[in-house]
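Below you will find the structure I want to go over with you.
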């Protein structure tokens, strides 16, 4: 008997990617049933995507049943894997996360700074609901979350849900490996990067090709060849050579918010004036994508999807599920419990880490103490993340304020309050946990 | 037989304060010999200060011999206590530390941000020299350092000198206690604050009056009474009430650089345009002070000295030396080895902490794990400090770059290099350790 | 208005000591009311002791009201301090704790090995009840516990009771200081020992006379003078000189159970054959003491009490209460939360540590990482203690077995079960928490 | 071009095992040259073994050159892998390690207790020499050490040699997996055990068959089926069922020295009276084995070798070398740096841990905090091991005493000295580092 996969947020424009991944991997990962789940607001997109997905499956002849529903609890019956790729409040909410901080002269971004905090505030309660349902309805199912901020959300589930079979996924590590593969002109599976850090704040400490340490060579390329391995959806500026040299590690594209703060802010403010927020740009892209998806002749994942920025999400998610199913014991980079892998962080913190993928879930590889240069930032950011989770779960205004003022992209105690209050107001429908107290001093 | 105290940087305008302190405390702390030491560049000021100090002693009839010299090693013979209050490069160097970062849109301040890093780079080698001399010439003497950045400098001596009898002093904790004393209308000795953190980044976690926890009451006063307890020499803006409420701890005035970054930067840039750097303002104050000091009729510490900003330095230093001498076992706030007091920081880190002062030195009181809100920032800043020490001692350009980019007040990888290179150039004569390599990529 | 002190286990033969202490300290610690509390089984002794105590007070004219009761909750009304000096099951239970392990060739002792575990099993539930009552009836009162095993019991209250104002006291540290005072021929208040470890497993890491480190001199005396500073009630053999030399710290008398295991076991087995258990010896001593106490002419603490072994308990308890009352900020050695003082142990573990005694309770002095030689033993013993607490609170047979097999004085998995089962049976009336499961495999 | 393997201690009776392993694995691990190295005292055995090895190779037709030499440094030229299987002082020294402690009523065993300490004292200096030679002559070679105490020796090399490419191997973990395979009737490669602990003190925390957690089932078998998975050379008594139940982990056979101390000691003393030491028994076995080896008709590893007790050493060593060579990324259990895998132990401690085997060496899997029941013992034993290393490297008598008194199998401070002094005397020729000071108090 085959496997059942439930995709929550099935109406996402990314769905064809993961469908494509499951079709391709069918021999090792024999899915027999896929259910796409979405909410009322996404009903139309859900239908479009589901129909495309059906055509894709039919076209390849894969023995997979696909259906879609708005009834999440019903869908979960008998599930083996559940993936979550939701955006609470949709792209409109993202636009607010981006616009409001920018308005106050701060980085306005989906997963970092004030915007990322509010994305977490909206997402965590929903993911806890989903995890609760899974624990009740299909307790053996693995929850594979790629809703951002993926690290924070995964830790929130680990800490506040009974359902512990949860893994966070991000495409950044795969993209970094892929970029290194290009530099060395080898296939990505020959590249291992020793990742160290947190989701969207992960560093590549060492680079191995076929198990041989090539870190120095990789750094030389990055410093002297001006190579660039950023995914499409991240603001990108070249790194200062001394930064790379003194770091002697691979940064990830999101590090620019922290280590190129001044320039990125300037560039983002400029872009905002000219084109509005990134969310608005994406809305346009999405609109066009869905037009494509509607086309009954379309029977494959369209090329444009990769430009959308989420390339390789499906790669990460499908190969993770396949390895769990097969007890493959291969190494993948996931967001999971630290368990000492980085002894400077709490064992129960979630980190982004190379892990052996077994039938019982990921087993992180031990990394050892954080390198001196980055240990302060990583610890600080993890503590910040934990303030966010605490605020998201309790709905306590003071904790929300604490999380925002302790974020390194927030510029002052006054601005912290301005942005906090405006975002609380703007996202009110999605933040019921904060309803109890909106009284400020 | 009496005690011998050597004051290195004896030509400082602060010296009359400490002389005054030793005169007042003579019955418990029987100093019989004071030697003021300074370098060639300070010879004129040394003479002026020494003469004033002699008049002060003579005026009170205290049985203290005072002399001055440029020969440090000779002065150290038989010393019981050595205090250091030096400024390597003088106020001119300070002006550069302030001006160059401001020029690039960054906080330019004496002990924080890029300016503080360079003050450390200049000071650490000299303090290591002094500690080395003490260890050789008067190994039983205590080195009481109040040269800034006092925490970093003290940790550098602890780590890189054989002389371990070193204590860092700052007047901020005393001033905070004094401010709380005013709020509660009690004398400062009835106030205990549980300090937690680092020099210039210390928080008052709990406030006790006569041993009874009055933290909530203190916070209420700070939030609703708009009270202010900043020393004169620190840019001061009122705190956002939500900041205080969510922190539920006393910040110190230097926290404004971190938590009011945007406003302080704006204000400092404005002030810089109008009045030049703070260093230049101080030069004027100093000039006037020394004019006063020259007056042969002046036989007491002049009132103006307190406005200079260093009030209570002498209080801190003298009461510390007296308690060591008397094995008083009273509690004072000093910069000393952590030893587990804050278990989240390395045992061998230097922190600013309430300590029992014994004849064998300070014994820190255990505080327990850092509060969630501030733990990230404190750990991050301590790691940064250790990067600074490492760079200061090795003179390694890459380490210097790492320390600057990891400072929370530095805005980008590009700006980090600009400021680093300009400051290295500007302070060249005082940074021989960096001579070896000035080659950038 | 004066203070109210409640003494639970007031019928103890030690009570005259503490009464004597409170009389002597009346000027600094103005007690106006003392209530002696005991249970039915101790009613007769309670009356005898209360009458002696009344005569003692009357004799000195101290303005103290003393009464006695079996109604603990009533007694607690308005209490400022509560001391606990109970022995659950009385000396008969102690005899079983000693006899049963000895029977199986293991150390049978009141506070170490299997006997100590069972004393903890019996005592912890009662202390939790008492702490619960205090929290409800007189929540501002300090619970000063000198019921053994004092460290374990104090940690149990800290972890499992809402009442956090609890301090464990033992006379060993005072006795060690006193012994060192004799060696150096100085009064005990001039001696400070840096204690490191746990109750009945504490080491004197460094010895200071008037604040000056005299550890080497102290060790020389111990090694070459064959001096002995054991209290009367502890089996005592001289230490091997190499042991002292390689340790370079002061052991405490209870260390003999661990580091002279073979000899002490032999000696104890011999003594057991000849005189029965130590409990039985003490019963005789107690009987005689109470005969004395009955004498209506006795109006002072009798000399014989000191030979009973508990000398200076009152010293420790009274000076602790007086210092809390007066916010004295002096240093006393107590059992309290670690809070990082020993960073190798959990912050929330209870250790025996020099602490500043304030009106808000003890503030432990930071010690720093454990010395290499003893760190393993201390950590191992603390972990063992936590297994004991866990078993005592849950009444889980498997946890009880785990605690006993992990005790260093237990000789095998078989013996562990034999002793465990016999002691569970023998103490059944005092171990209701274990009633649920007595089924073994 | 093929690989070169150097076997130090090549005259060992175990050598045919590893030769056999290399022959069998030749297709994946293409060794072209094997050099057996031994010292003068082993010359005769070396020749016998080498000739047997040559016949074995010839018999299979494997394209491997084998030679033997007493010139270690010459042999190391161009080596890719170096294995060490030496016994400093030979079986005679082992007999002393066993006999002398037994004489004083203590466990006398090769790798535990006083005997193990002295094996470490003799072995560490030699291994440091070998590691030094490798670092100089063939710095890219991996040192695969299976000389006991393997964990201690590996940590000593990691800490005191520049050569960091060292891995310790033991057959216990393989044997435990193999035993579990028998219980579940599956092949050993389908069994994963989550090992936690130290060499000869490792526990099997969880058991997985095909990645599925079967720990409870495994424990049920061990408790109710009286299964036994001890290797032949370890004293073996069945475990108390409550021990297994409260542990809920797999013990390893060496745990009997700690948790069945009384019974094992009794049994060993009895066996010693009847048959002499285990060393003497082994001498007989060896004698017979070498008679076999001499037989020119013998062309295969003889059956009797497995009874010798070292079965699967070759399995462990050969599969380790093959995986490094092939960057296999499979999981093997080795002794390597902790790096946070067990966050309760220092990152730089050596532990026995499941590791991914890459071309750059083993990467330990993170385990997370130690289970409460065993954490105390494991930490205590690791600290003890570090005292042993410190004593072995410095030759400091006091440190040697400290290591022996802190061993849990040593019964008293007096016995510690007796055994220490006798063993120091007995092994004098192999302990030059202790020559400097043999003066006791």
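In order of appearance the chains are A, B, C and D, and numbering begins at 1 in each one.
The rule is short, and it goes like this: contacts are C-beta pairs under 8 Å (C-beta built on N, C-alpha and C of every residue); 3 or more make two chains touch, one makes a residue touch a chain.
Nothing here was measured: the structure is a model prediction, and the numbers come from that model.
The chains that touch both chain A and chain D are none; no such chain exists.
The greatest centre-to-centre gap from chain C, using C-alpha centroids, is found for A.
One inter-chain figure worth recording: chain C and chain D are separated by 44 Å, centre to centre, where each centre is the mean of the chain's CA atoms.
Spacing of chain B relative to chain D, judged by their CA centroids, is 55 angstrom.
Looking at chain B, one finds that none of its residues touch two or more other chains.
Listed by chain label, the pairs that touch are A-B, A-D, B-C, C-D. Of all residues in chain A, those touching chain D in their complex are 192, 208, 210-213, 327, 329-331, 337-343, 347, 356, 358-360, 363-369. Across the complex, chain C is touched by residues 105, 223, 239-243, 245-247, 259-263, 372-377, 379-384, 386-387, 390, 397-399, 401-402, 405-406, 408, 411-417, 440-441 of chain D.
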